[in-house]
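The structures considered in this document are given below.
The same subunit A turns up in both complexes below, where it pairs with subunit B and then with subunit C.
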Partner chain A sequence: MANASSNSDSSLKEILAVFRKEALGEARSQTGLMTAGLFGLVAVVSIAFAAYGMKLAGTLSAGLLWVALMFSASLTLPRAMLQEEETGTADLLRQWSRPHPVYWGKTLFNAALMTFEGVLLAILFVVFTEQTPASWPLLLCATVSGCISLAGAVTLCGVLVARAANRSALAAAIAAPLLLPLASLGVGAMRSAFGDGAIVQGWQLTGAMAGYATTLLAIGPYLYAAVWKT
Partner chain B sequence: MLQADGLGKRFGRSWLFRNLSFGVEAGEVLVVRGRNGSGKSTLVRILGGLMQPGEGAVKLDVGDRRRGLSLCLLEQSFYAYLTVAEHMTLAADLRACEPRTKELLTKVGLADAAAKTAAQLSSGMKARLRLALAIQPDPRLLMLDEPGAALDEEGKQLVQDICREQATRGAVILATNEPEEGRLGQRVLQLG
Partner chain C sequence: MKRFSLVLLLLLGIIGTAYSFLVSDAAGFQAPGLARIFLWHWPCTIAYSVMLFFGAYLCIQSLRTRQAHWDLRTTAALELGAVFGIMVLATGILFSEVEWGAFWSWDPRQTSFLMVMLIYMAYFVLRLAIPDPQVRAASSAVYFLLSVIPQLFLIFVFPRLPQIAQQSLHPSQTIVMGLLSNDYKTAACLTLTLLLWLTGLLYRQRVRASMLNLSLEDLP
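And then the complex of A and B:
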């Protein structure tokens, strides 16, 4: 019993250490925030200019916001895994740690970063396109749930391709089946949040996204453990 | 402590080495020698679990690998944005051991560089940081891959001192072509 408790304390400490390392790296380089921030801002401002003087339909708004979220995620999140392999620091983690804590530390950081970026992007989108969401709580919950799912999916994709020789082709092949169901759920939930669908259905789809995120987060550590030393 | 049975590694169609069998016990220093490209670094990576062998197997009896086994690799990169002290803390948190930052940095001659980021270190300073990180958990088995390659005479003496100390509490596998370091070994494994 005491042994199990000490093991979980050690795992928690490892997860926090990896999270802190990622956060320090991001705070000092600001690569992820700058890339995603610049892309998000340009996307939102472009949409606002294109739709100037028009009222965007909820369905179209949902689609455009999701495109911006997905590309922001694709630009920043895979770096967490790929950069370690490219710079050779992944060997440090393999020597000092175990796959599950490393996976959780990186995924939690990605989820936090993506949620921050996503909520900011959603607010900017609403402000610049002069939208009035039918339900703010639904829009925020759908954004947060979608961002955590995106972080889970993109991190998982990064995990699987990080040590592959032909990363780009493999990443596309793995990302498509992971992201398409998520996009379908996310667009549906946000469409309701923007007033083009029943609010109840929006909440159901947000719940489904949370379930999808849970599934991805549950299988991620085991897949990472499988590729840890291959 | 370590038993390698029939180890082999192949790149493409040619074997780098084959049928390597040896063991290392506590108190021993095993020196691995060989010309450039003979597979010394590859062997250390395989023994350390960072690379899969093409054939054969490695059995390790060092307890928790994170603390029981330490590697000091020739081409080990660091996190460019983390300081020397932050590397020590990160390693200690992950390995669940004491950081001993001040003690170890003083020992390897990096006490004044604790606040420098890895990107600001010279190759010799990086080699010293690798040594500090390698001995941090008091490992049972220490594997060093050409640890003196980027070091000055004082640094090379430090490597020898570390190997002698380590042999009193565990074992050392030392891949080197340096004659002075080679004399530390009770046994020599010749590759190539």
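And then the complex of A and C:
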């Protein structure tokens, strides 16, 4: 009993250590946040500029916001894994750590980064395109569960391409098809949040996204462990 | 024995193809005669689904044992799956033109299967980009297992969501509601048997060729 408790304590410490390492790395370089932030901002401003003087329909707004979120995630999130290979620290990490805590640490960091960026992007989108969401809680919950699912899927794709040629472009290329079902759920949920559908249906789709995120996070560590020491 | 089974397969092929042209016209279609494409479209979807589950099983075996032959089997199965997927899309596109008036109607069922094929093709793109055979085997197997969830969602769940099913022109309920005539049922079962048999044969030949290739690479 005591052994199990100390094991989970040590796992938690490892997860927090990996999370802290990622956060410190990000605080020093700020590359991820800046890249994702700039990409998202440019996308939102471009949409607002293209739709100048027009009132965007809810469905179109949901689609555009999701495209911005999806591409922003595909560009930024694989970095957590790719950077380890590029700087040569991946072997050191494999030497000293276990796969599950590394996966959780990196995925939690990516989920936090993506959620922060996603919520910011959603608010900016609403402000710039002069939308009046029918339900703010639904919009925020759909954004948060969508961002966590995006983080779960894209982080794993980053692992898979870490030792491939032309890895950054490849990560986005293989992540995009995997994110399409998620995008269809996300667009449906946000469409309701922007007033183009029943709110109840929006909550159902948000629940489905949360289920998708849970499934990804449940199988993720095992799939990560399978490629960990290859 | 091998020759006998090949002759039997050929015979079944001839009978199946001929019978699929002889069944009576289906009711309720714009061009009832051309609705016969169902007899090849539906078996391809079943063969694709079989390959999807079989491929997932082979991926698990490949990750569990880390032996090269499981990776070869996985690739062989998924290549065949890709062929069937393309045939499903192609026959669907023809059906769409004949019955709905456009090659691509953005029908939810048609679009969701296109997404499935994009996911599927990314597996081969990933394999091409990784030079190390062991890393390639592990990474591609993990990708495929990861892709099974969205594929199952897009094939079995998404088209049946009430709000999606309402918009779809795809006659998905024909089989479920028992609307197929006996002629159609017999012909569909015949073509399905034929296709699955052919799949098994092609799979075995592909694995054998890959094994030979592998043993040639191992020669000093």
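Convention: the second predicted complex is superposed on the first by the 217 of 230 C-alpha atoms of A that agree within 3 Å, B and C clash if a C-alpha of one lies under 4 Å from a C-alpha of the other, contacts with A are read in each partner's own complex, and residues count from 1 in each chain.
Just so it is clear, contacts are C-beta pairs under 8 Å (C-beta built on N, C-alpha and C of every residue); 3 or more make two chains touch, one makes a residue touch a chain.
Since this is a predicted model, take the numbers as computed values, not measurements.
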TODO: Determine, under the contact definition given at the top, whether A:173 touches first (subunit B), second (subunit C), both, or neither.
DONE: second
Open item on the list: Output check: A:16 vs subunit B and subunit C. Expected answer is one of first, second, both, neither. What do you get?
Closed with: first
Open item on the list: Under the stated touch criterion, which partner chain does A:30 make contact with: subunit B (first), subunit C (second), both, or neither?
Closed with: neither
- [ ] Once the structures are superposed on A, label A:46 by its partner contacts, choosing first (subunit B), second (subunit C), both or neither.
- [x] neither
Open item on the list: Contact-wise, after the overlay, does A:214 reach subunit B, subunit C, both or neither (first, second, both, neither)?
Closed with: neither
Open item on the list: A:8 in the overlay: touching subunit B, subunit C, both, or neither? Say first, second, both or neither.
Closed with: neither
Open item on the list: Looking at A:226 after the superposition, I want to know if it touches subunit B, subunit C, both of them or none. Which is it: first, second, both, neither?
Closed with: second
TODO: Once the structures are superposed on A, label A:160 by its partner contacts, choosing first (subunit B), second (subunit C), both or neither.
DONE: second
TODO: Identify the partner contact of A:95: answer first if only subunit B is touched, second if only subunit C is, both if each is, neither if none is.
DONE: first
Task: Where subunit A meets both subunit C and subunit B, residue numbers - done: 230
Open item on the list: If we count contacts the way the header does, which residues on subunit C are in touch with subunit A in the complex?
Closed with: 63, 115, 118-119, 121-122, 125-126, 129-132, 134-135, 138-143, 145-147, 149-150, 153-154, 158, 163
Open item on the list: Quick check on the complex: what are the subunit A residues that touch subunit C?
Closed with: 153, 156-157, 159-161, 163-167, 170, 173-174, 176-178, 180-182, 184, 188, 201, 212, 215-216, 219, 223, 226-227, 230
Task: Of all residues in subunit A, those that touch subunit B in their complex - done: 10, 13-14, 16-18, 20-21, 24-25, 28-29, 87-89, 91-98, 101, 229-230
- [ ] Name, in rising order, each residue of subunit B that touches subunit A in their complex.
- [x] 48-50, 52, 66, 69-71, 73, 75-82, 86, 89-91, 93-96
